[in-house]
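Each of the next two complexes has subunit A plus one other chain: subunit B in the first, subunit C in the second.
And then the complex of A and B:
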């Protein structure tokens, strides 16, 4: 399907326009910050409507890429950018928009200094991440894959409050090396096969034209963004320590780009001698998950628990991708939608609780006993996170885990055990917040503001509907 | 006859500036730096206009020859000079220092550079290059504190004389062998020869080494670093922005028109100097706490990158090289423009301790600097990536894996150095109160950013012109 209205370019361009408006928003630092956050919210809502519109244009039964847009960029060497979408990529874009919106709503009242800068980089990131999800050929894929690092690095540097600045250098250089590996692979593909579209990826032969090298570089470059051993340090040393909820959400989307890239790039046909080696990836992944979940159980930091939660599932989906079944790949896409929204919601609510605890200097808590709205939202999101049948995560995780278990029962058991541990750590945190402490000064007045509560209820509604039917909001024309 | 005078108008205008500015300096009562800046801009605009009109007309084709290629590169250099003259006048006004001699020497240098770019005879190079060296020597002496620059200027004079002697030596050997100094005759002689004797190689090496010295490729880069460390900001900006593209133009003409028979010998030679510069530039930049010196090392690194990645002297390679150079110079111009904004209590700061937290007070200027730094780093989505893409693509197409690995390692070191700048300017709290920046800085930055984005959004506009002009090298 050819996209004559350039809808996909538009959803990349709208956050960019928003960024420019946010940048030139008038007023002093505080007032200008509020203006720019309003611009950001308006931009994201506009883009959500555009995404909704695109959902209605595409054929939801068709699993291949649709709405192709071709933009000629460079003639020597000939390079063009191609955009296209399918259900999964649109769901990813929608989820990212929703959680970024949640993040902005959460920080706009909390953060005074630097809000404008935060909004500018967030919108830039949003534009680039949208570009990444709609990329349909190797060059556009690489450009957006690497470009996302720029706003993330700046956000981490300005709002990350990192005590050791060297970690930031390591983080950027490490990611640039990863991007460099992908770039080399992309140029090799370009040399032997041209600027191919991602739906033609299977023309890359494993045993011809340096196919092994291409796939090796791609796998290494892409997986390096997921906190799986031995790459775990570079990601977790930074992202688990970020306290700004919006920045934490954005940095946690970095592994998502890898999962999505593997969903797109991983070939359908894999030689036996290669697929036999996947057991090592499964073992390493399982051990990593186990360690992350155990650390989250003993760690008292609520932020780390959320970090562990999302990364355990990222790695689980990574292992699911190696199963190479269309149904599983689709399940991963739908599960990711639920996972992202639950993660975003939990992070926002936790950050709110943490900020209130900090204001009242009351850490023994029992806060949820007195704040009804907060309790409702937090409890629902926690139950959704631990796997209750109230979001799209439930059925899809069930499918993915059962498929992995049927392939290797030991690995499957360990994975289920890890998921249980990470769920236990989330429940432990919820119990802490629900165990009433008479001395705590936190009360009803510190509950979630009504506007934010209504928005969170809308998010919960979206989650519940995704359990019933993932694409419930699509009205066939 | 009259026609010839018109054709020579670009050179004449550059030359005429010298006596006219002298007259203005002597007879005009209310002269400020703006007076000379305006005069310089008028003459430069006239030069640009005339060189465009007479872009392929020649009066002395045996000595210098204008083509679309030389005209484009000369005009880019003139344009950068124009921009820098405009910005430099702010520095002179702020410091309340006389600017006449600065503009005078710069125009003298531009005149000499004009001949280097278009030279078709070694005798022209033999005269113009020493004149450029003299201009450098005079420029460094523009510092008001002679004691501070005495040693640097002395060292430069020694090095300059040595490399000029090498140049003359090389020219003399060639003249002894061939009996002519025209590019065409030399090219015919060596291309027709069954084998080239050792003296030919020695002569070519001597001539090229002089140009490598001017390009500040390591290990002959120290003069440039010393200039940046001790020179006043207008001088640093001028020598960093204007001459490199002209040297590149002169070098390409020299290799393509005079020494094509030596191309296979010269490419590895340039690669070696390129790799040395790449690593020395990138590694040294990591230990710098002065932003100007850091950028000077990054310039050495960038020149190194350009030469290390050179595969041959084919049209395609030259186009890739020029794309890289234009992108690099546009970023460097932006950086130098921002340096004029690092002003506190009328002093121009360059140490990190003074400029930390700059972004909190001057967000737009810092944002522009950030774009230029990311472009320097070659990150997506900046013009630097677009400039590096064809180079790396060419290397992969030639399966030059070792080159790629070495280049990539150098890039990582350079990126680490760039992160130091970003960390200081963006991630730290301000320690200094900066003076209000001149509007001219913002205007120039805006145009520069627009140019960078235009390159990025429509690279074919640039590539198309380069394909045309490179095809015109003859």
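And then the complex of A and C:
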């Protein structure tokens, strides 16, 4: 399907326009920040409508890429950017927009200094991540894959609150090495096959034209963004210490780009001698999940628990991709939608609780006993996160785990056990907040503001609807 | 019929969620009760007319993942609904009148939601609906206790049960490629990893029904109010465990029957011992109900008679017995410790009289249900426990505090009248004058009332076996602490020592020294030029070599 309205370029462009408007927003430091956050919110809502519109235009039954857009960039050498979407990429874009919107709403009243900078880089990241999700050829894929790192590094540097500079350096070097590996693979692909579209990726032969090397580099470069043991610490030592919810959300989207890239690049045919080695990926992934979940159980930092929660599921979906079934790939897309929204919601609510505890210098417990709105939202999101059937994560996790168990029951059992432990750590945190402490000065007045509560209820509604039918909002024309 | 009932209950619960939970909660609860009575009347009419409208909604229409929302059930299951609905009305009534309940409307709404979950669970024909309805029970059970420790334990145990079921279902689906429960028979014959699936299902059923070693969450309920305990044991999680056992019966058949029966019998012995000797009034009630659910499970496993008809009757008996406990609790102004009760016959004669009469009537129902040697023993033990309780509380030596005695009085007509009326109705409905079990039960009960050594029982009850949850302490030592230590070791060794202190430090140092050395090449010394030149030459030679090799 050829897209004559350039809808995809538009959804990349709108956040960029928004960024320019946010940058030139008038006012002093405080009001400039407020204005820029208003611009960001307006931009994201506009883009969400555009995404909804695209959902109406595409054929959701068709699993292949649709709405192709071709933008010629260089004539010599011939390089062009190609954009296209399918259900999964659109769902990813929608989820990212929703959680970024949640993040902005959460920080706009809390953070005063630097809000404008935060909004500018956030919109830039949003534009680049949207570009990444709609990229349909090898060059556009690489450009957005690498470019996404720029606003993230800036945000980490400014809002990361990192005490040790070498941590950030290691993180930066680690990601640049990953991007370099992908870049090398892209150059090799360009040399042997040209600027191919991602739906033609199967022309890359495993045993010709350095196919093994290409796939190897791609796999290493892409997986480097997922916190696989023993490299998980480079990511966890950075992300789990970021207390700005919006920055934490953005940094946690890095592994998502890897999962999505693997979904896109996954070859239809894989030689047997390669697929036999996948057991090692499963073993390493399982060890990582077990590792992260056990640490989350003993760690008292709520941020680490949320970090562990999202990364355990990221790795689970990574292992799901290695099962190599079309149905599973589709399920991962739908599950990720639920996962991101639950993660975003939990992070926002936790950050709110953390900020209130900080203001009142009351770190004990029992906030949820007095804040009814907060309690409702937090409990629901925790129920969804631990795997109760109230979001699209449930059905799709069921499928993914059953397929992994069918391939290897031991791995399946360990994965289930790890999910159980990470859920236990979330439950532990919920009960910490629900155990009343009479000495705590937090009260009814510190409850979630009404506007934010209504928005979170809308998010919960979206989650519940995703359980009933993942694409409930699509009306066929 | 079920769909209409479900919609009615959903509308009623939605309405009660909307109305304020403030001062008029009892009035709203009474309105709810009247509505439930009206619905039960129509349910009875529909039940007589055998109206069996089925409802099926295609939820997941995919070939490889087909699941429906099915609201239709077998005739036997449907026959359970009317008595269970009466039980629902009874729990709503009890919650409405119970003076210590501050959130009666809220709890009544939860009871309605439990009934909705029950309809969904009994109607389920596939795993997704079964897990969904089971999870609804678990989420509702989170809100049912009004005390945080009980809330925590019941939620965590139920969560474990749900996860076990989820894992079992995913293993079964991986083997059969269908979610339909009708494929279970085939799976039991030819499926992969059926032992694992069976263990997981047994774990889920065991937790929900409160089998031995898996009932700590029910023991924790002793800190919540009595009406809530009665509600939870009438129509909530334990009942969902029973329905689960029915639905997944073929899987339980994988185990040798003797193993499950042995486990249930151990549970029964433990529960009856606790019910007899435990000094806490609420714990007594909890263990008695746990024993009842274990007994129902025994019936299902052993396939005695018509278990579906057996369940509501036993649950109704349990509910009436909970009235007996509530009357005693109210007479003693909320005193739970049996060591500080006794001799209340003098201060609350009507309560004592109602409890004795009610028990004498219920023995007729017991004798009707005694169809096997197991049930005869079970009901005899049940009579012994209740007999000992009534004897200790009303007729034993008075050990109560003066303040408690000063406030002791007969409970109101709202408690005593329904208890007597329902007990007598049950007696008239069940009495079989030629059944010798009835006379044995009555004699046994009266003998216990007259001669039970209450002082010895109370002394035994003070032992730590009956006053502490030893199983939970065992879990803490065997599972929770080792997991915490293991996590801490992993974190300290790998994250902190190995990566943070060594790897990150070493990489930083390596980069720093490399940058320093590289900087040396770029100074104005001749050696620097020479080394740079030599490196360039090597790179060119390597490149040409590679090209020639290609």
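By definition in this document, the second predicted complex is superposed on the first by the 477 of 477 C-alpha atoms of A that agree within 3 Å, B and C clash if a C-alpha of one lies under 4 Å from a C-alpha of the other, contacts with A are read in each partner's own complex, and residues count from 1 in each chain.
Just so it is clear, a contact is a pair of C-beta atoms (placed from the backbone, for glycine too) under 8 Å apart; a residue touches a chain by one contact, two chains touch by 3 or more.
Just so it is clear, the model here is predicted, and its values are computed rather than measured.
Novice: Look at A:34 in the shared chain and tell me whether it touches subunit B only, subunit C only, both, or neither; answer first, second, both or neither.
Specialist: Neither partner.
Novice: State whether A:243 touches subunit B only (first), subunit C only (second), both chains, or neither.
Specialist: The answer is neither, since A:243 touches no partner chain.
Novice: Go through the superposed model and pick first if A:360 touches only subunit B, second if only subunit C, both, or neither.
Specialist: After superposition on chain A, A:360 lies in contact with neither partner.
Novice: Just to be sure I read the superposition right, which of the two partners does A:184 touch: subunit B = first, subunit C = second, or both, or neither?
Specialist: The first partner, subunit B, only.
Novice: I want to verify the contact counts: of subunit B and subunit C, which reaches more residues of subunit A?
Specialist: So, of the two partners, C touches more residues of subunit A.
Novice: Contacts for A:402 in the overlay, against subunit B (first) and subunit C (second): which applies, first, second, both or neither?
Specialist: second
Novice: Taking the superposition on A as described, I'd like to know which of subunit B and subunit C A:150 touches: first, second, both or neither.
Specialist: After superposing on A, A:150 lies in contact with subunit B but is clear of subunit C.
Novice: Report for A:421: first if it touches subunit B alone, second if subunit C alone, otherwise both or neither.
Specialist: second
Novice: I'd like to know which partner A:324 touches here: subunit B for first, subunit C for second, both or neither.
Specialist: Neither subunit B nor subunit C is touched by A:324.
Novice: For A:169, decide between first (touching subunit B), second (touching subunit C), both and neither.
Specialist: Both: A:169 reaches subunit B and subunit C.
Novice: Determine where on subunit A the residues touched by subunit B overlap those touched by subunit C, and list them.
Specialist: In the superposed arrangement, which is not itself an observed complex, subunit A uses residues 169, 173 for both subunit B and subunit C.
Novice: Residues of subunit B touching subunit A in their complex?
Specialist: 316, 319, 363, 367, 370, 374, 379-381, 385-386, 389-390, 392-393, 396-397, 404, 408, 412, 415-416, 419, 422-423, 426-427, 459-460, 463-464, 467
Novice: Along subunit A, where are the residues that touch subunit C in the complex?
Specialist: 166-167, 169-170, 173, 230, 233-234, 236-237, 291, 294-295, 297-299, 327, 379, 383, 386-390, 395, 398-399, 401-403, 405-406, 409, 412-413, 416, 419-421, 423-424, 427, 431, 434-436, 468
Novice: Quick one: which bits of subunit A touch subunit B in the complex? Just the residue numbers, please.
Specialist: By the definition above, subunit A touches subunit B via 23, 73-77, 79, 117, 128, 142-144, 146-147, 149-150, 154, 157-158, 165, 168-169, 172-173, 176-177, 179-180, 183-184, 187-188, 190-191.
Novice: Would you mind writing out the residues of subunit C in touch with subunit A in their complex?
Specialist: 59-60, 62, 64-65, 128, 131-132, 135, 138-139, 142, 148, 151-152, 155-156, 159-160, 162-163, 166-167, 169-171, 173-175, 192-193, 196, 483-484, 486-488, 490-491, 494-495, 498-500, 503-505, 507-508, 511
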